[in-house]
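The structures considered in this document are given below.
There are two complexes below, and they share chain A, which is joined by chain B in the first and by chain C in the second.
Moving on to the complex of A and B:
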């Protein structure tokens, strides 16, 4: 029983709570995972958007540089013979009008010999410069060469931009290379717009993986900082996530059109997690609250489920103990309520059936009692009548007369108009007439006396209750007693109860015999009324209750006293009790 | 109780069925139809060369089947406008085309286009207007099909050399022992224009050339005619040869001479357009260079077929057709 209680009341909520906790934990892990991938994806998207913007801006700048270059080429170099005066003036004008962006211009022939140069450049041969060979090899495009420091005091740098050109010298078209030195400021300005911090920065690589721009270029050149992402960036197609220095880094790269440059954006993914910790906390807290609520509702719900069951169980136990009046409380949910209701219906039916059985039993007993009452042993009548005949024959008319009148009284009271309960007076009369008959028959073998409290005589007493005790006294007590036997009937009140003592001074009975008489259906004599002492006891108990009845006290050689104890009931009450009995049945 | 259980089970069963079917519908690849979709972005259909080129390409595609599939193509004409082409390309990226054929308006913008196609994982064949080699390396699924332009220029020089050698008396009208010529270039910065001129220049070192002037006419017949008419009459009168980067501009110059009833100089073009060819056969124009357009178109179709079969390992990024001279 205890085990079952444990299993249902504790085990089920426990299992449910564990499942809920498990679910919530899985949700937390899933959410965290989802959010972290979401954040990473968002960062990638955001970074690539910024990357696109930066690349677009650089490409636009490259476009404008290209158009300046092409403009100089197509509108001046290609148009005018270099011997023409216009040639030099137009080129010089071109530089002055673009002096903010262009540092210098120079034209070389295919051997690297300088043909023309702006004032701030020298006429040295440039045959071995990389931008020169590049331009010669790639005739279609403008080549973006390496950076060069031009203003040592101002730390200004230029891109060496070169292009294959065709110029006219004395009417002859010749191949050559045009060099334009363009300040890096415009491109640097674009890249400086990006928030350049240790955790998130961008840099620009030329097509030989040299830095064209890096926010920490000074630290790099002085060896304080080392850029490790270059190789990874160049090997990845769009972006890659790599673990460096213990944290994950997002490295995005995009090639800049026309130049073969690469812009690389590097940002730490460690930051996005710490920056967005609030979201994690909020979601974890929410899930925790949901989990707690679920566990509580689970426990409450189970309480609600099991409580009616246990109430019903208690009721059933009570019912089992014999308290048929108990009713199960009809609460609980759905089937549980019906269960209680059905139990109640069952209990009621059972109770009704039990009542019926009891009623039947009572009826049966009553019938039995009636039967016994009417069963006045015929032997008694024959014997008495024989005695009367004998007395008449022997001329003892007076005795015979007395006997006949006694017999008549005896039978009148025996019948008593079919009443069960008669006044004590009548019962005593009945007992006296019986004793008188027996005394005559036993030839005054014993004396008898009746001492009754006059006040008690009108109280009621079950019919034929004293006679069996007398019979008992005569046949058991007077056996072997000659002439000096004495039977006394005394009626008195004690403790507000009526006591009727029938005592004899006979031999007394051993305990065993008393027990036997009290518990077995025996009649003292075949010639008697045929009603046993036990029957009297049972009837009294049946009528008045268990606390009343017959007791026998016997002492060997001293005598026996049988006592009837009944309550004081008057005639009016008798009717009531009879009625109440009837209603009860 | 039993019926309850049964109904619960049936509800559960239906739910599972619904779930499974949604997942399958979701995951099921979009129904394969028997067509291959190709988007063709064209720089300008008014350009006679491009028009001719695309028409030939259409015919070729219509006639061929790509591994048993019909090809549906959509042509987007940018009308020479870079912005318009950008819009068209943005649309094309989202249309689930199996491959794109792109004739860029501005080859210098190739990088942004190829970055996009690389992101969308769409194979791209660029044609006619070449982009920088560095830009082509952005996407692995990119090829360029064009012509060996430098060679075409060289062929022009060879033809001129040939005439100079065999018919110098007629060519050197002013008898100054120099070949006075006017150079008419195509679109500035266009790879083919630069290369054709460069090819001509490098291969004409032995000729006593005297460039009277050069002009750029954007490949266009009308523009060439107009720009030519604005030159000094003295220059036009002394011009013994007109070297053009393409046939249209050559025909523009031809138009000028016909309008003004002047004696035609030696005119050289490139492309071998039908009209040009006809003029050559009539003896009015000296010659032109055939770019091997039909070879290019065959190559595009072959490449397209292998792209659709994902068998492009043997292809180089850049392929040039071989030009050859056309003269009477």
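Moving on to the complex of A and C:
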């Protein structure tokens, strides 16, 4: 199983960077698309404008041609009889004055028979010519037919322009067709104004889709070039964009007046993009730079944000290793700073608690040590043995026997196989053994009695709890008492708790002394257990809780009663194992 | 940490510098096709027959970003030709086009072995590694442009037909060959067939553009 942890320091900047890259790429694509669209739109507008200009110019030229045609018709043909000398003269003059634009004029009747022609035309019947039939069929309009080669000095081309006319022959009005052959130069000149290149050019189609003008007409005639846009142009309404030979072309078409001619403008869109590549490069480069800066900034900022977190992490790790003195630097902003501060508070509290636990442990061990020590106090032993020797030497064998027995009982219970909590019965036995020994030692200075509720004797009690109080009672309570001292041990139940009273009828002690005994490590006698009343109190509190312990009531000249309050705790297996573990230790 | 911030700041400043200078370069950069040069050596005196060849060369050059370096020579020795060729090669010309060198080369029996030279010639095909010429044609044959009288005779039926040599196509394909040579280092001879012109052909209008002067 892969247990590698993915650091947020890597993950978040990575996610941010990917997002930034994605955004930048999207922007690049959108910009490119927008610029492409904009350039295409601009090209369409520009081409359209140029197309309109060209169309307008051609229409103006056609208007001019129409004016000439109408002028000839209305001012000569309709005015003069064709038999009249003036008719021929005026028409000849018309040709002469417009020789640069007009190649020839001719008049035909409705059967195509020539009635009059200029010098460079023939009298051949034109009945089958398309311009003738068109003019006959369209009485109201001037018809623009196909081009024709003519040979004035050089080989040139002319438009064949015709119209229906009414002429006068022998005083009678008759119908006919007027033909004017008009040089193509003027129209060519208009179209040549459009700067034709291979990527952007214009051409003119007649009403039968033949080229009237094409910048590459020589290449087309030589088979070196083929114009593929004609059909597309004629099928589109205004403009169309088509892909030809792998590149996109803009094709715009406009019809010229009523001639049936079409002007077509063709522009390569690939060229437009290529020429404006600089704009693309600049935008892409700028977006790329912005992207790089954003990525750097995001890494830098995230690094700055996460530094305090990682410092806190290091501090926590140090703390976890056991270095409780370590403190987190309260850096960062907002919640991050608060996090460090709260960690420090928590660490301090934890430190304090651990200190307290250590102190308590130390105290407990000290007490256990003392307890252990007290279990075999040599001074008491020596004194008691001395007393026994003295009694034997004195012949008080009974007393000595009693003392030895009590001593044995005393130390047996003191040791109690290393247990700290023993049944109350045993503790009382221990206490009475002690009292018996002391009584003999102190030559019956005092009387003692034990009043215990038998029902409570099986309950547990901390070892060496009563004996220090008895010590107190003997060494302080019996002071100033000669032979009427009384020490009473009472064991009773009150409020569901066990009360053990050690009372004496001694001199009592003032409040201050009681306070002193309770709050100071006062040992009644160096020859005693070495455990003071306070220790007994602390031990009880340690074992059972703060609500239990030792209290002392004393009245001067009346006596003192030290009371041990413990809960009713029966012997269980758990307590036994705890005790056996302590013994092992 | 401060050192890291300094590093980042330096990198960002460096990137901005690069961006600024790059964009300056981009703005001044043009994306139009780079121009190529072709050297054209012509006879000194004007010849009507060369006009269509020159028209074709100019038309092709205009549409294909080619600059023409034109030489007009009265007479040219082989050494002088070599010198011109060497000169043009130094100026990165993609090829040299000789138009009817028989009108100015002094040593016509010599073989001129140049890979990047194409000669439009009627009589010196064997003298050059690569040439462009018309195929043999029946008579009467005419080089474009054809005079109006000849066309009129056909129109009037006085002449049945003629054969025209399309000098425009000759010139166009010659310079096209040199352009192709610049890309793939391959050149071959050009042979243009003649075109029959009769009354029907004239009346169809297909050859109007070629016949028009």
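The working rule: the second predicted complex is superposed on the first by the 305 of 585 C-alpha atoms of A that agree within 3 Å, B and C clash if a C-alpha of one lies under 4 Å from a C-alpha of the other, contacts with A are read in each partner's own complex, and residues count from 1 in each chain.
Basically, a contact is a pair of C-beta atoms (placed from the backbone, for glycine too) under 8 Å apart; a residue touches a chain by one contact, two chains touch by 3 or more.
Please read all numbers here as calculations on a predicted model, not as lab measurements.
Asker: So in the superposed three-chain picture, is A:74 touching just chain B, just chain C, both, or none of them (first/second/both/neither)?
Answerer: Once the two structures are laid over each other on A, A:74 reaches chain B alone.
Asker: Report for A:140: first if it touches chain B alone, second if chain C alone, otherwise both or neither.
Answerer: first
Asker: May I ask you to decide whether A:155 touches chain B, chain C, both, or neither, giving the answer as first, second, both or neither?
Answerer: After superposing on A, A:155 lies in contact with chain C but is clear of chain B.
Asker: I'd like to know which partner A:414 touches here: chain B for first, chain C for second, both or neither.
Answerer: neither
Asker: For A:240, using the defined touch cut-off, is the partner it touches chain B, chain C, both, or neither? Pick first, second, both or neither.
Answerer: In the superposed model, A:240 contacts neither chain B nor chain C.
Asker: More residues of chain A are touched by which partner: chain B or chain C?
Answerer: It is C that touches the greater number of chain A residues.
Asker: Check the residue A:218 against both partner chains and state whether it touches chain B (first), chain C (second), both, or neither.
Answerer: So A:218 only meets chain C here.
Asker: Check the residue A:296 against both partner chains and state whether it touches chain B (first), chain C (second), both, or neither.
Answerer: Touch partner of A:296: chain C, not chain B.
Asker: Output check: A:258 vs chain B and chain C. Expected answer is one of first, second, both, neither. What do you get?
Answerer: After superposition on chain A, A:258 lies in contact with chain B alone.
Asker: For chain A, give the residues common to its interface with chain B and its interface with chain C.
Answerer: Comparing the two interfaces on chain A, one with chain B and one with chain C, no residues are shared.
Asker: Would you mind writing out the residues of chain B in touch with chain A in their complex?
Answerer: Per the stated touch rule, the residues are 108-112, 115, 118-119, 130, 132, 134-135, 137-138, 178, 183, 188-189, 191, 194-195, 197-198, 201-202, 209-212, 214, 216.
Asker: So in the complex, the part of chain A that touches chain C is made up of which residues?
Answerer: Interface residues on chain A, with respect to chain C: 146-149, 151-157, 197-198, 210, 216-224, 274-278, 281-282, 285-286, 289, 292-293, 296-297, 300, 303-304, 307.
Asker: Which of the residues in chain C come into contact with chain A in the complex?
Answerer: 1, 4-5, 8, 11-12, 15-16, 18-19, 22-23, 26-27, 29-32, 55-56, 59, 62-64, 145-149, 151-152, 155, 166, 168-169, 172-173, 202, 205-213
Asker: Please give the residue numbers of chain A that touch chain B in the complex, ascending.
Answerer: Interface residues on chain A, with respect to chain B: 55-56, 59, 63, 66, 70, 74, 78-79, 139-141, 164, 166, 168, 171-175, 207, 237-238, 254-260.
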